[in-house]
Each structure stands twice: as structure tokens, then as C-alpha cells.
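So that we are looking at the same thing, I have put the structure below in C-alpha cells.
Order as written gives the chain letters A, B, C and D; numbering starts at 1 within each chain.
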Amino acid sequence: MTRATPPADFPPELAARLARLAPRLTALRRDLHRHPEPGWCEFRTAALAVARLLDLGFAVRMGADAAVAARRMGVPPADVMAEARERALAAGADPALVANMGEGLTGFWADLDCGSGKADQSRPQSRGDPGIEGDEESIRSGQGPVTAFRFDMDCNTLTESAAPDHRPAAEGFASLYPGRMHACGHDGHVALGLVLAEALADAARSRPDLWGGRIRLIFQPAEEGARGALPLTEAGAVDGVDRIIGLHVGFQAAEGEIICGTQGFFATTKRDVTFTGRAAHAAAAPEEGRNALLAACSATLALHAMPRHGGGPTRVCVGRLHGGEARNIIPAHARLELETRGATADLEAAMSAEAERIVHAAAAMWGCSCAVETVGGSCAAASDPDLAGWIAEEAERMGRFRSIIPMRDFGATEDVAWMMRAVQEQGGDASYLQLGAARPAGHHQPRFDFDENCLPLGLELLMRIAWRSNGPGRGLGG
Amino acid sequence: MTRATPPADFPPELAARLARLAPRLTALRRDLHRHPEPGWCEFRTAALAVARLLDLGFAVRMGADAAVAARRMGVPPADVMAEARERALAAGADPALVANMGEGLTGFWADLDCGSGKADQSRPQSRGDPGIEGDEESIRSGQGPVTAFRFDMDCNTLTESAAPDHRPAAEGFASLYPGRMHACGHDGHVALGLVLAEALADAARSRPDLWGGRIRLIFQPAEEGARGALPLTEAGAVDGVDRIIGLHVGFQAAEGEIICGTQGFFATTKRDVTFTGRAAHAAAAPEEGRNALLAACSATLALHAMPRHGGGPTRVCVGRLHGGEARNIIPAHARLELETRGATADLEAAMSAEAERIVHAAAAMWGCSCAVETVGGSCAAASDPDLAGWIAEEAERMGRFRSIIPMRDFGATEDVAWMMRAVQEQGGDASYLQLGAARPAGHHQPRFDFDENCLPLGLELLMRIAWRSNGPGRGLGG
Amino acid sequence: MTRATPPADFPPELAARLARLAPRLTALRRDLHRHPEPGWCEFRTAALAVARLLDLGFAVRMGADAAVAARRMGVPPADVMAEARERALAAGADPALVANMGEGLTGFWADLDCGSGKADQSRPQSRGDPGIEGDEESIRSGQGPVTAFRFDMDCNTLTESAAPDHRPAAEGFASLYPGRMHACGHDGHVALGLVLAEALADAARSRPDLWGGRIRLIFQPAEEGARGALPLTEAGAVDGVDRIIGLHVGFQAAEGEIICGTQGFFATTKRDVTFTGRAAHAAAAPEEGRNALLAACSATLALHAMPRHGGGPTRVCVGRLHGGEARNIIPAHARLELETRGATADLEAAMSAEAERIVHAAAAMWGCSCAVETVGGSCAAASDPDLAGWIAEEAERMGRFRSIIPMRDFGATEDVAWMMRAVQEQGGDASYLQLGAARPAGHHQPRFDFDENCLPLGLELLMRIAWRSNGPGRGLGG
Amino acid sequence: MTRATPPADFPPELAARLARLAPRLTALRRDLHRHPEPGWCEFRTAALAVARLLDLGFAVRMGADAAVAARRMGVPPADVMAEARERALAAGADPALVANMGEGLTGFWADLDCGSGKADQSRPQSRGDPGIEGDEESIRSGQGPVTAFRFDMDCNTLTESAAPDHRPAAEGFASLYPGRMHACGHDGHVALGLVLAEALADAARSRPDLWGGRIRLIFQPAEEGARGALPLTEAGAVDGVDRIIGLHVGFQAAEGEIICGTQGFFATTKRDVTFTGRAAHAAAAPEEGRNALLAACSATLALHAMPRHGGGPTRVCVGRLHGGEARNIIPAHARLELETRGATADLEAAMSAEAERIVHAAAAMWGCSCAVETVGGSCAAASDPDLAGWIAEEAERMGRFRSIIPMRDFGATEDVAWMMRAVQEQGGDASYLQLGAARPAGHHQPRFDFDENCLPLGLELLMRIAWRSNGPGRGLGG
């Protein structure tokens, strides 16, 4: 995929233009931070992004055309979605675009035809047209490589800290909604994606002679819980893509660090297990009950006791268990949230098979019934060392990172793995980079925040990757 | 306590007067049903009742004088109490009386000096006087027996059904507040108590020659969870009482039935157990966690596996368990709601000792800490067959019950047991009666309701007990 | 059954004759103690007893005629039985009688026709005749009541103490065989039965005018583990019996005490549960195993956590668990020995149903298979107070007991309950008496022994019961 | 350690001499197979080996001088050891040598001074001299490298198959003792060691000019359960050793294969855990019991549920659990055999710490006490690739292996790891080779056997390693 010809130098005027865009990154990130939206409910975020990308001349594919609806996992109940939609409209989202998203089809991707010199202006998109899309035929005709960048949009379902020393609270950009917070950095990702789009459109328009191929920006819903990447992938999000780059602010990368490639993504399946028994008065007639809580407790212990695997790392966690109705009633209901993982698809499959067997047997043990719903999942994946090497070289050339780490073991899951694997299976390359940032608290904590100074660094690095992939060298070198 | 002389016949004019009071029962019950208040938060209920009883000439003992505050169990957090207090005031509760109740000292008792011919009008109570009370000395001087009736006031913490075929909803007296509902019938109990007070005051005033001794009406908070009777008892609620009657609408008694005595109350202790561990990423570093949910699950299984007891019936139930923070985080917190029971104090003590040992060991097993809070409890008790026999005779004389059951095994807990046992220990008699009523759904269900036609029956039966105990016969006969 | 006419006085000459038989009791008991035989292997014990009873003129029913072979539970493997048979023959058992017992049909009963004046000498039994029996027709024709006494014959499977202060060891009558010991007192029971037979035959022969009806002595195998009574009962052991007496040395009765009736026998089922999984190297490939030991442990915890029952006492015990092959192999086999109990048949059935469900689910939970074998069982039963009252009266008349207890709760199981219940269902009476004796160690302990001075007391009491039931009064009085 | 100079060719005459020794291998192995001895009881095996090595002129260090007695783990009880000693003497073991071994100090090592040209004949050993040993000073003076080979001597504690198609049974060399069997191949190891000694002594004697340095043959007891290597290592078994070779017949190597180096030995600790509670009658008074079996079951489940480790592979297995006394007695005793493992010392330590905590908490949970005994253990280790490479080259030169595998992950434990690590820590090299052999059944199975045709191959390979290490090249090359 990558060849041994030196890449063209990154033009200083491009770097300068990027520097001028930096304030946009912070402003956008803070606007998004105030309006966090959970998975499959990213109506405002997506509407804002689609509108901007259409304005920039990208060809957008969205709604039912951009996701196999039936493969979505962990879709929230209708009332949660309705509330999010109303908030989005109240906060200025374009109603036609929101209508396009139906019941939570908030994912989309946007293509820039770099070689046309006119950024797809021949294919303007009318908003509100279901399944807006460009001329795929010409896109795939491929005068050059197709390079994709993936950005995730959803927030976490926790309440942001209101502490006076929590910067978003102090500076007035904290979440407007209790139980909703960008506590993972996806607000920064979307900001990066939109400013990158602006820079790319500008660059390709001003020097069409230098650029070729296509650049695709994928905006994914519902990354939390590993729910959103698969239905986009199956709808064609990475079809024909030669290189894909995923990224995350912070995570394993400390301030000033850049991790250029990530390997060791765990394959995973997320399941919700519901046990249903029969209530009974705990003193008068305990024998009439069927104790769903004992079923859940037996299952939880047994799940953690599943055998380790000689073939490689596996994981299991019952992260939440809620059961029972009242202290003096034999519990009739219990529900647990489970995840299994494995370093490979086979290891995960082995764990999943054991887990399914155990939860059903635990229900039977206590005379209960049991329903299992798959609410998330991802495959295993690893970055390509060559592509990660490119990134390391560009990071080196930037001279602005304190530490450049070529590859790191992830030891966790990111559902971008579905896209990475799909690209690799069609002969392309993938890498997942981690952009270091100072953080006062860990990811998924109420006091999470990140130092926005990392964003301009990330913007330039992504632009350099685009330049190396679709600029004059078109992927030559390495 | 009870002697073999035939009691005086219940005067027909008294029965007739009671019949005229019947509509008051329904109206009161429905008003109370609309304003349900959970345990230790019965501000409006108590204020309304105290005001009425003072008007009727009862001597009232309330607030800090009517409960040993430190012995209260399961007191709700300050914000819950504050909300209840505000609602009570907004709904017309007398502010001075509410102020008297401090932080949830909502229990009280009210005495009628039957022999004075003037219903304690010599001892008017100024509302707002902390610890309002009558002249205890003269009450205890005892020209006749002291008979107590106990009524519990608190609601359940569940949301009432809004179904169109749920009568309270259809007829407009459903609970005003989500998460609050009289789903056990205590609204009916309080209505019975207040209309009984009216009937008693009227009767004693109109025929002082026929009545003697004293009648005490005890209004208890926080019966749900067995939290309220002990602090009232320890403050003297049944000191000097010769006979005590507790009652419940429905429960084991079907429509048209009356159960005159109840035995086999289980002694119980209610505990909340909190396990605290350490969170960790479930994939990257599960070994850094200390899994509080596994501690709770291990404890739950072991608690149910505590040995049966050769000395008599015992019970254990973990009725609720909530644990964990997120699917992919090793759970750092878990909490379970536990009750142990025994047919005797010794059996309960044995169960409690085992349970304490188990929960601490379960915490240690998983490297967690564990905090145990006692949030409720009751002793064992049984009705006196003689007193229950009286009641059966009166029920028989009424001729309005389809079925009269002298005594039944309860197989459950009611913290009136603390009062029954205290009365029995000082040489008195106690009985707990169950007043049959049609119910469309079971107690503690969102669609619970009861046929108010049972209330006039109950009123007459209670009045007959009072007549037999404090009327001309003064307890003679049986 | 029992009528209010005073019984005839027990003749002093009978008492005197019994006193002369006392040394026989000790000698017999010690002979039996040296030759203990486990359940279904009582070849020598039974052969010795049958021979003696035939000599005394009893009509004996034995072998396949005295047990429904298919209903036997917990029959030992062929090699254990063969060894016992060889030992029996080597120790002098009549080969023809042993042959009659086939593969462990060691139970039998023997009838004395009291009214004939000749003790069934008209019906001599040829030994070796399969299914030896008397003229049942005439026995049942019933000139008088049929009274049965039941004696159990089997030993325990433990090794007797060789300590110098253990009397059987010191005085040379300790068990000859390791792993075999009369540690429950059944040696004393058989001795009582055989000396009683002698006394009865003698009395009936010498004064045929005084006696009537029939007396049946039932010698039951395999009482330990509740295995032997059911197949005898189903073969007719108590058909037509009017009164049955079971007895036990010691147990709840201290030295000098007699417990005349016993109630509260638990119904029980004894099960052996075998889990089979798949072995695997615990380090190289633990995932290839199916862990039968985890199945057994999960089952054990869950079995003990089965709900208590509102309907009455229940019990469960996994008394033994053996599992696994080697420290570093995932266990492929585990076996547990389980018993469930209930105060009634229904309670036991409820426990059994839960237990069956749990063990199968535990197997499924760990991918194992599970086999359940019922190896013992008994029903619930209680002594008749009238019959127990008779016994108390006779004990009183003897004037030789320090303490006479009319009735006691057993809180345990004895499979004589099958016979007691069958007699009661056909309109007869049953009682189970406990004959106090000093014991240096508890039943089923390697140092168990009992003071043989209790045996003459028991002999006289049984003879008095027979006299009262089949003597001149024939059950009149009470 | 290893240098890049080509080694001297292996002399054809040496190979020819080895071929002549091949029948000795089979004969010796079969003799040892008939007389299997468990760990710390290898009296006959060691006595036979010491005698032979002394005859060959080796300097032997044995008994208390060859093991730190206090560091021995899993030493069998005195009666087991006494029986083994008696059998050894009866089977011809030299009494003086056996006496030297005291209470199970059966390990020893034997040194050949290759450079002296006379195989230590100047230092004849008198048998029976405690702590027989050579002139260590001169051995360490080191005219050349010190090369060690380690052979383990103990058998398994299982009963050998008597099936007619089990070759040892068919050909008359099956184990003489029930419960004792060479089911792992250590009989072959000892045979290899003794015939190698003969070949070495012969070679060094006949061409002293070609050889230098020293060769040490270490005969280790109690490899099964990882009990024997540590006390020998701590007594100096590998002090001054430059290269050590361990080996195993079969295991991961199929017929015709040779695995030249092994890595990924798990560190492990083996523990026996004993729970002690209190017995009680399971029906009459279950509450008086303290259930040691429930403690063991709770521990077993929790041990398997210990968290997986983000730092690398870990293992846990409760391989055996025996608990309880009788079906109807609350179990007072239970015992489990546990092992924990980790790919590194730190991982194992983390598992051990968790396991210790869990078993003590499980005991506390059920009111029992708990005793933990460490009965085995090993460290992690890996073969040196250079030394494994040598071996692969020699195997290649032999031309008699179907498949040569340079290095394989072991995924299990071998306590030779203690010796390997000690050699590596003093700057030496270690390798562990696996000599392929056809086997009709797996290791540790009653029908285990191996095709003795592998032994001559192993002998030549070991001799070639000795030649390369101590022959003319003295380790040059690689």
C-alpha cells in the first residue's frame, strides 16, 4: 500500500493557514460541549456538521443511506430520543436535516473530491432530501487514493461537575443538561473534523493541481458502548477507502505525546441480561417466589469465574446489576450489564458462548426466565505499522510533540475497529492515533476536561496525513 | 385481665350515630389518599390529625416528647424531608404544628379522659407549644382502664397507577405526587382513627356517667420498614396502657371477613449494606479494581444460604441490590437492602449475627470495605386470645361480617409489635385485628385500592371495643 | 383404636422370667457388635435371627417375599455385598438361609400366633424354602389384634475406635472389620427383638388362655440412609397390623429416661448427584475443560440458598462433596451427597423439586452433565398420643425409669415412618419410643457405645406393651 | 556465553559407541518403571543411581548436603515414606546409601571432571559417608565450562492400567505397586541420565585430551507438584554452572520431533487449604454447625472469579475438593488443592495475594477457621535462544528427527525453572528440550506409556551437547 518514495514537503503556507483556524477549534468544541447528545441522539451535532460540510462543498451521505438501521445496537427508548430531538431543534438544528435522521439515524459521511478543483460544487445537496449523496460512481472512479478520517459524536450519560474549579463550569461552557456530558472528548473530535473540512476544502480549491483522490470525513454516532460503527460500515462507510485514520484526544497519550498507531483492540460484545422471576412475600410465603436477584448474583459470580483462555487475553465484566423491588419482596426482576472481550474474534466468541450458557443456566437454576439483548460490540483490530510510521514521520517533522510513540497496545475497545478491519480486508491501511492532552480528571469522570491546546496540533497532523495521502506524493514514500 | 361478667349491650343510639359518621370516613380517607407522605415525613397528616384531636378535647403529646429521636430508624435525607414539609405547608398544614414536629418527629398520641364528662376540655392545648401534653398524672391515676388504639400514617414510595380503571384515578383522588402512594391502606387507618375520635368524644361528653378510664389514640409514623413504633414506645406511648388494639385494612382478611387476633409476628431487623471497592478499567487493568458488586453478589448468595434453625422459623431476604457504575468499569460501589426475621427474638438475633458476619466477610473476600446501617426493626409478638375473643364476640353481635376468624398466624412483621409487647410486659392485653376489604390489587402495588365499605364496619367494631373496655362494663366479661 | 377399660395387671411371674433372660441380651448384643453388617448386607444377622425365630415357632416371611426389590435404595455394589456374604458364611450363617436372601434381600418378618397355644408349631418352616411364610389367611382372620415391633439390623460404615478406654475394645467385642461398626445401637435392637421373641413364645405357649391375636417382629435392613423400610412396607410388612412399635436406644433419651412417643419425623429424600465435565490442563488450555467441581460448588451454594417455606420446617444439607482429579487438571468429575427434608410430604416434595432443578441447572451452567440417583428416603410421621399414653402408663408401672416423657419432637428422620404411616392409614396406631442409655460418645461416632443396663428395661417395657395389646385385655383400657 | 566459532565435529566413533548402549536404556527404564517412587521417596531410584555413578568415578553430593531440607514442599507423611523405604530396601537398594537420604533427602548431583583424564578416580567415594562429595575446589577452579543436565526421578500417585493392550502390563514391566506409576516419563529421564553418565565417563577416560571442564548430572526428586528443585538449587546444585539442560520425554513434542528450547514457564504456587468448622445434625440443629464445605465452595467459586490481569497471563485452579463427613451432618471439614500461576513472578504474586485473601474470607464468611500450606511452587523461566540454537544445530546434524522446533511456549510449569533462572542469574545459559515420542495415552493417565525408540535419539543429542560444551570446542560456535 505504501511505497518507498519520499513525500512532498508540507507547504509552509498550509501550516500558516491552519494556525489561523486554531481559535475556531476551541469555539466549536465549547459549543458542542454545551450541547452534549448521547448515542443515536446526536441530532444537533449532526445537523450542524452536515450543514457546514454541505456549505463547504462536500458530498454528504446521511440518514437511512448511511446506516443499516437493523444493525444498530443499544438504541435508546423513544422518549429519550424525542427529548433529544426537541432540544436539538430548540437549539437551532436545521429541521429538514433533523427530519432526515428519522429515529436516530444520526451518522453520516462527507466526501471531498480533491482532484476536481471545485470541491464537488457540481453536486450541491438540497437539505431535506432523504439520503443525500454525491455521485458515487465518479468518487470511486478513483484518480487517486480515498482517505478517510473518522470522528465520533456522542456524549456520555453522566452529569457534569458544577465545581467552581471545573473549567467548563467556571468559563460557562458546561453541559446544559443533567445526565449528559462530553466526558470523553468527542466534542473535540467533531471540532477537529469540521475545521479539518474547512482547511481541506480551502486547500483543494486553491491548489487543485496539487491534490488528487478523495477525502472522506466519517461522523459516527454512538461510539460509547461500541454501538455505532458497525451499521455505518455495513452501509458502506469505508467502501473503497484506501486509508483510514481514527483518533482520540488523550486516553493513553499524556500531554505533549502523540501515539501514532494503536494495536490490541479487544473484540467485544456488550449484553444486557434481564432475569424475570416471580414476586412473593419474603416472610409469609418465600417459597412462592422465583428469585431473579439470586439468578443475577449466581450469573455474575459464574461469569467472572469463566475459565481463562490458553489462546490469549480475555476479559469479562458485569459492570452494573440492579435487582429487586422492595426489601421484603422476593425479587421478581433483575438486570445486569455485561461485556465480554477477547484479543481475537475467536477468543471473544469463546467468551460469548460461555456467557450465554451461564446466564441461561443461572435463570434456570432459580426458576426464572432470562432475556439477553446485544447492545454493543466491536471486533479486534490493529493499526498498520507502515501507516503509523508515516504518521510518526509527520509528527517528527512538526517538531511540536514532546514524545512520539510509534505504536501502543490499547488493552481496550473502540468500535472504529469495524472500519479499520473493513479497510484492511479490502487491501487498505488503517491507523488509530492518540493525541496527548492535559486532563484534570480521567475520561468518563464528572470533572473530565482536556487542554484545548492539543487541538491545533491534531489539526496540523491530520492535514499533513491528508497532504501525504492525497497531496502531490499521493501516498508515495514512507 | 379479662373477667367472666357479661358486658353491657352496645347502645343502639351509638350505632346509629356511627352510621351517620360513615361518609366522613370516605371523605377523609380520600383527602389523605391524595396527599400521601412517606415515613417520618407525615407533616400534613399529623398536623391535620393533631388539630382535629385538640378541637375534640383530646390531650396530645407530640414532637420531641412523643418519640426518642435517636431510636428512629430509616430517617430519609434532609432534602426529602424538606420537600415533604413544603408540600404539607402548601397543602394547608398548620405551620405551628409542623414546626413542632422538627426534623420528622411526626408521631403523637392523644388521650381522652372518658370519666371527666368533659373530654379534657379543662386541658386545652395551645398549638405550637413544644411537646403539648395533658396532665399525665391524672390520666395515670386510673379511675378505669386505659385503652389504646394505634393507627399508622405513612405512605409507600411508589407511583400510583393512572389507569382509567383505577378508581382513585377515575374518581379524582389519586396521589398528587409521583413516587408517593397510599398503597397499603394507612389512609383508611388514619380516617378510622379520626372519626373514632369524634365518636368517642361525642359519646363520652353526652353520657359521662357511662364511660370511665381513658382512651388513647396513637398515630404512628414510618410503619413501612418497621421504623416508627420503637421510638414512640420508648417515649412512653403505651405506658400505663391496659389494652392495645392495632388494626389493618385487608391484608389476610378477605372482603366481609374479620380476623380478630393475629399471632406469629416475626421479629426482624432491616439493614442497608454498602460495599465500597475501587474502580478500574475492566479491560486495561481489571486487577486494579476491587469489585464491590462481586462482594454484594457473594453476600447475597451466602445470606440466603444461612442455615435453617432447629428452634423455629427464620427468614432472610435481600430484596434489592444495586451495584456498579458502568458496563466497562470494575464496580466500586454496591448496596443491598436486607432483612432477617425470626419467630422469636432469639431466632432473629441468631440470623442477625450470621448476617453481620457474612456481609463483612464478603467485603473482605473482594478487598472491599463494608458499612451496615440498621434502618428498621421489630420484635415478635402475638395477640392475647382473651382480648381477641372479646373482639370476636363484638363482631358476632354486629351481625355484619360474613366470616369471623378468632386468630390467625401472621407470618410477617408489623412494628406495632413493640407496643403490644410493652403492654403485655406491663400486664396488659393486646390484639391486632384485620378488617377484610375487597381489593383490586395487592398491597404495595400501583393499582392497590380498597373498598371503603369496610370502614364503617371497622368504625363500629372499634367503638364496640371501646364501649366494652371503657363503657359501663369496663372490661368485665369475655 | 384404644378403649377405656383398665388393662389386666402384668403378671409378676412374667417379669421374673424376663429378668432371667437379661444376660442373654448382653451376650447377643455383643456377638452382633463383633459382626456388624451394613445395609442390605445383613446376611449373618438375618440368618441367625431367622433360624432362632423358626426354632421358636414363628412363621417367617423372608427374601423376595419380604421386600419389593425394585424399591430398594442405596444398594451397595456387588463386591461389597459379596464380601459381606462370605464373611457371614465364614462366621457361621446358615447357607440355605443366606441363599434365600439373594442379592441383599435381608429383611424379614416373623409372626407368632398367640391364640393357638402352640406358637405356630403346626406350620414348621423348612429353611431354604424360598419365601418361607406362615398361613397368612389364618393370621389375618384375626381372633385378636395384630401387634408389630420393628427392629433395624444394619451397622454404620465407619471404623470402630481401638482406644483402650473404649469398652468394646477393652472387653473384646469390638467390630472385627475396619469400616464397619454398630455405632447407632442396632445391635441392641436386634438383641431386644430376639430375646423378646423367646419371652413371647414361652409366655404364649405356657398360658395360651391369656393371649390372643398375633405378634409380628419385623427385622428391617438398611435403616441408615432411610433405605430399607419402604420395600418391606410395600411387600406387606405391616398389612393388617393394628399397632406398631418402633424403638431406638439412646438418641434423644438420656440415661434412665424413656420417651414414649415421638413426633415430627421429617420426610426426606437422599440423593447422590454426579457431575461430569471434561478434563483439561489448567495452565495450557483451561478453556477446554468443563469444570465439574465448579458445577458442584455452584449447586451446593444454591441448594443451601433454596427458600425457606412459609408452610413449615424444611431442611437441606450437602453433607459430602468430592471432586477433581489433580491440582493442575480442570476437574472432570464431582459428586455430592444431598438430603432434603420437610415436616410434611408436601414440604419435602417442594424441596426436592427445587433441588432437582438446581443441580441440573448447575451442571448446565458449567457445560457439564449431571446424574441424580435417589439413594434413600422416608415419609413424615408422628406417634399416636393414645398409644404413647399406654406406653407411658406401663413405664410408670414399672417404676424403674427416672423420667418418663410422653412425647417428643424428633427433628430428624427414621424410615420406620413408612410403616407407622401405613399402619395409621389402615386405621391402626403407631408409636416410636426412645430408650434412654448412658453413652460415652454420640451416635455415629467411632467411640459410640451404650450402657447395656438399658436393655432389660426395654425388654420388660416391650413385653408389657405386648401383654397390654395381646394379653387378656387385648388393648382394652388406656 | 556462546561464541561464533564452528564446533568440532561429533566423532563417529562416539556415535557408534552410543548406539551400542541403546539396549541399556530400555532395560533400565523398564526396571525403574516397575519400581516407581513418589516425590521425596525415591530411595531405590537414587540409591541405584548413586551407586552406579560412584562406580563410574563421578563425585557425588547427596543427602543433607544436596538439599536445604527446610525448603522442601509437599513432603509426604512418615508412614508413606517408611513404606517406600522398606520397599526400596526389599528391592535391593544399598542400605548405607538409603540411610544417607534420611527422611526423604533423595536428591543428589554427580560431577565428572572431564579434564583429569581419569574421571575422578582419585576421589573414590565411600558409600555411607554422609554428604559424600568430591573436591569442590578443584571442580570450580574451572579449566573449562561446567555443564549440567537435570533428570527428575519421581513417579505419579496413580494406579497403572492392567489392560492387556497396555504394553507395560503385556510385557511385564508394569508398576509393582497400586497408587504408584511412572506416568510422566521420569523413568526414561533417569535411564537417559545413567547411560549418559556411562558414555561420558567412557569418553572422557578414553580421550582425556579432547575433553575439559566438568559435567554435572543432577537427579532431582519431587518434580511432580513443583516441590523438589528449589531445595536442591538453594543447596548449590547449580552453583558455578555455565550451561544447564533440562529435558522431558514427550509433552509438547510429537513422535520424531525435537523441541530444542522452551519458554513461557508459568511461575506458580501450590497450596493446600483446610477449612475447619463445627459439625451438627443437619435436621435437628443445623444452626449449631459451622459449614466448612460451604466455606470451601465459596472459596472455590471466588478463586476462579479473581480478576484477569492486564499485565499478562494468569491462571488459577482448584483441582480437588473433598469435604464433609456424612450426608446428614453439617460438614466440619473441607480441603481444597489450589494452584495459582502467572507468566511472571509479579503476576503470580498478585494471584497468590488475592487467593490468600479469598480463602481466609471464605472461612470467616461461614464461621470457620482456615489453614493454608504451601506444598509446591516454581518460578517463571525461559530458555536462552542461543543455547536452544546450538541444540537445534546438533539435532539437525543428527539427521534423525522428523521435525526440529527451535523454541516453543510451554504454557505450563516445570520446577527446573528454579535451576534455569539461577544459572541465568549467574551469567550462564539454560535450555529445556522436549524429546518427541509416540504415546498411547496422555501424561498422567493410567495408560501412559512412551515409545522407547526416542531414548537413543535423546542420548545422542545429550552427548552432542556435552561434546559441544566440554569437547574440543568448549562451547565455541553457535
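The working rule: a contact is a pair of C-beta atoms (placed from the backbone, for glycine too) under 8 Å apart; a residue touches a chain by one contact, two chains touch by 3 or more.
Worth saying up front: this structure is predicted, and the values here are computed from it rather than measured.
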If you walk touching chains, what's the least steps from chain B to chain C?
1
Most distant chain from chain B by Cα centroid:
D
Chain A to chain C: how many Å between their CA centres?
73
Inter-centroid spacing, chain B versus chain A (mean Cα positions, whole Å):
54
Inter-centroid spacing, chain D versus chain C (mean Cα positions, whole Å):
54
Could you tell me which residues belong to chain A and also touch two or more other chains?
283-286, 291, 294, 298, 301-302, 304-305, 307-308, 310, 315, 330, 411
So in the complex, the part of chain A that touches chain D is made up of which residues?
301-302, 304-305, 307-308, 310, 313-316, 411
Touching residues (chain side chain B, partner chain D) in the complex
283-289, 291, 294, 298, 302, 305, 307-311, 330, 350, 354, 357-358, 360-362, 364-367
Hey, which residues of chain D end up touching chain C in the complex?
225, 266, 268, 270, 281-286, 291, 293-294, 296-298, 300-301, 304, 315, 317-331, 334, 337-339, 341, 411-413, 444
